[in-house]
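Letters A, B, C and D name the chains as they come in the text, with residue numbers starting at 1 for each one.
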Amino acid sequence: MDYVFELTIKVRDYECDIQGIVNNANYQHYIEHTRNEFLRSEGVSFAQLHDEGIDTVVARLSMVYKNPLRPNDTFVSRLAVKKDGIKFFFYQDLFRLPDNTHILHADVTIVTLINGRLRDCERLNKLFAKYF
Amino acid sequence: MDYVFELTIKVRDYECDIQGIVNNANYQHYIEHTRNEFLRSEGVSFAQLHDEGIDTVVARLSMVYKNPLRPNDTFVSRLAVKKDGIKFFFYQDLFRLPDNTHILHADVTIVTLINGRLRDCERLNKLFAKYF
Amino acid sequence: MDYVFELTIKVRDYECDIQGIVNNANYQHYIEHTRNEFLRSEGVSFAQLHDEGIDTVVARLSMVYKNPLRPNDTFVSRLAVKKDGIKFFFYQDLFRLPDNTHILHADVTIVTLINGRLRDCERLNKLFAKYF
Amino acid sequence: MDYVFELTIKVRDYECDIQGIVNNANYQHYIEHTRNEFLRSEGVSFAQLHDEGIDTVVARLSMVYKNPLRPNDTFVSRLAVKKDGIKFFFYQDLFRLPDNTHILHADVTIVTLINGRLRDCERLNKLFAKYF
């Protein structure tokens, strides 16, 4: 699986909870933000798709938490994408910098709703075809 | 798998994003809140455990998103718990009220760090023994 | 100033940060949620208004933090509303239960955009007239 | 009032709500993050202070919302700091790039709790003395 996009992000203190580490739900924010910035790098935005009647929605998500992120940590968020039927699969990993400690692996299945109905999305298919 | 705890929650508008539905990461907040309230119902809190040097951390999480929650929706969050080795497994489901539409299923693997080290947690074992 | 609406809310652990108290920004979530539930109690929702081209937006906000909320705290969120010109003023207070410790006072100025333009909102005027 | 620190931030889609603009509470996250990064630029962190028994807490906050931030917007967050008695005053502004549209002005009063008691904080006084 080859990564096709990456983004460097710094932890914000408010993302950490009582345990002093990034709260679990915030990792989901990080990987969603990475997918959306990947979309933007391809010339299309999540908000723009929504306005056109296309909603990309998470159907399944699995995450393996390997090491926690802490205040002041900087990490790189990497992403690969594949297609199977009408589903898009995103393979996402977070690595802490500078030592590349593996923080999290996520498998995310995305489907597209066109005007509220589950449909194959030609627009995204064309956009991502080069990666399949 | 028998549910041993449940909590009724109402969606807050700020939890919804541009698509007009609850943002994916917030479901993780709902199920975390449910686990923590379950702990409280057993007489112990997440914060109190942290102060005693016991951190419960999510090791793995998988979620299947079946139907989205929308503004004004009320739902019930149900939970079952099992143990295998040093791991606690939580099986969690959200059902929208009043029709019990299945919203989300989550499998969550929790491990305990005692003074920062992965350890079997006698305190939680005793607390939950009646459920195993 | 007479309160015209109140809501009881329980702190969720994930709303607390490294200091072990509710993170400052979350108080804004509490008071926004209270205003939106007040709207709902009057038969109209934030999302529905948005769909009709009416956006209620915060123009000014001031908050006095008197005492922090902690994990497991339950509090009551109270609200009064006045009108001056095209502005709605909300006076909001949070009191911790059961001892009514004063947690926060907020003054919030709301204006309405109708199809993106700052306008007096007849619909909300009628709805709230009984309170002015 | 001269700004002594600035940070460039990009809006993340999940920070936007049903109205398609950044949710009000997230501006508070932006300005808190800016203050904490300012602290870091001076060699001290929010988490580290907490571990030393020093908690910086917001006592008062007022915000004027001038223009909303939208998905894909990038903005600069600027900060000035003054001292009066035991209080620190932060004057904070957000400007959208590249045209410097004024997004928000905030006045934030911070006090310090040392081992839970309101106290003048010598450590921060020394750190910031050059700005007063």
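Basically, a contact is a pair of C-beta atoms (placed from the backbone, for glycine too) under 8 Å apart; a residue touches a chain by one contact, two chains touch by 3 or more.
Values in this document were obtained by computation on a predicted structure and should not be read as measured data.
Student: If you tally the C-beta contacts for A-B and for A-C, which one comes out higher?
Tutor: Ranking A-B and A-C by C-beta contacts puts A-B first.
Student: Going by average Cα coordinates, which chain is farthest removed from chain C?
Tutor: Farthest by centroid: A.
Student: From the C-alpha centre of chain B to that of chain C, how far is it in Å?
Tutor: Between these chains, centre-to-centre, one finds 28 Å.
Student: Using mean CA coordinates as chain centres, what's the chain A-chain B distance in Å?
Tutor: Roughly 22 Å, centre to centre.
Student: List the centre-to-centre spacing of chain A and chain C in whole Å, with centres computed as mean CA coordinates.
Tutor: 33
Student: Going by the touch rule set out above, which residues of chain B reach two or more other chains?
Tutor: 13-14, 16, 18, 20, 23, 25, 29, 32, 46-47, 71
Student: Give every residue of chain B touching chain D within the complex, in rising order.
Tutor: 13-14, 16-18, 20, 23, 25, 71
Student: For chain C, which residues are in contact with chain B within the complex?
Tutor: Interface residues on chain C, with respect to chain B: 12-14, 16, 20, 29, 32-33, 36, 40, 45-47, 70-72.
Student: In the complex formed with chain B, which residues of chain A make contact?
Tutor: Its residues touching chain B are 18-19, 23-26, 28-29, 32, 46-47, 50, 55, 57-65, 68.
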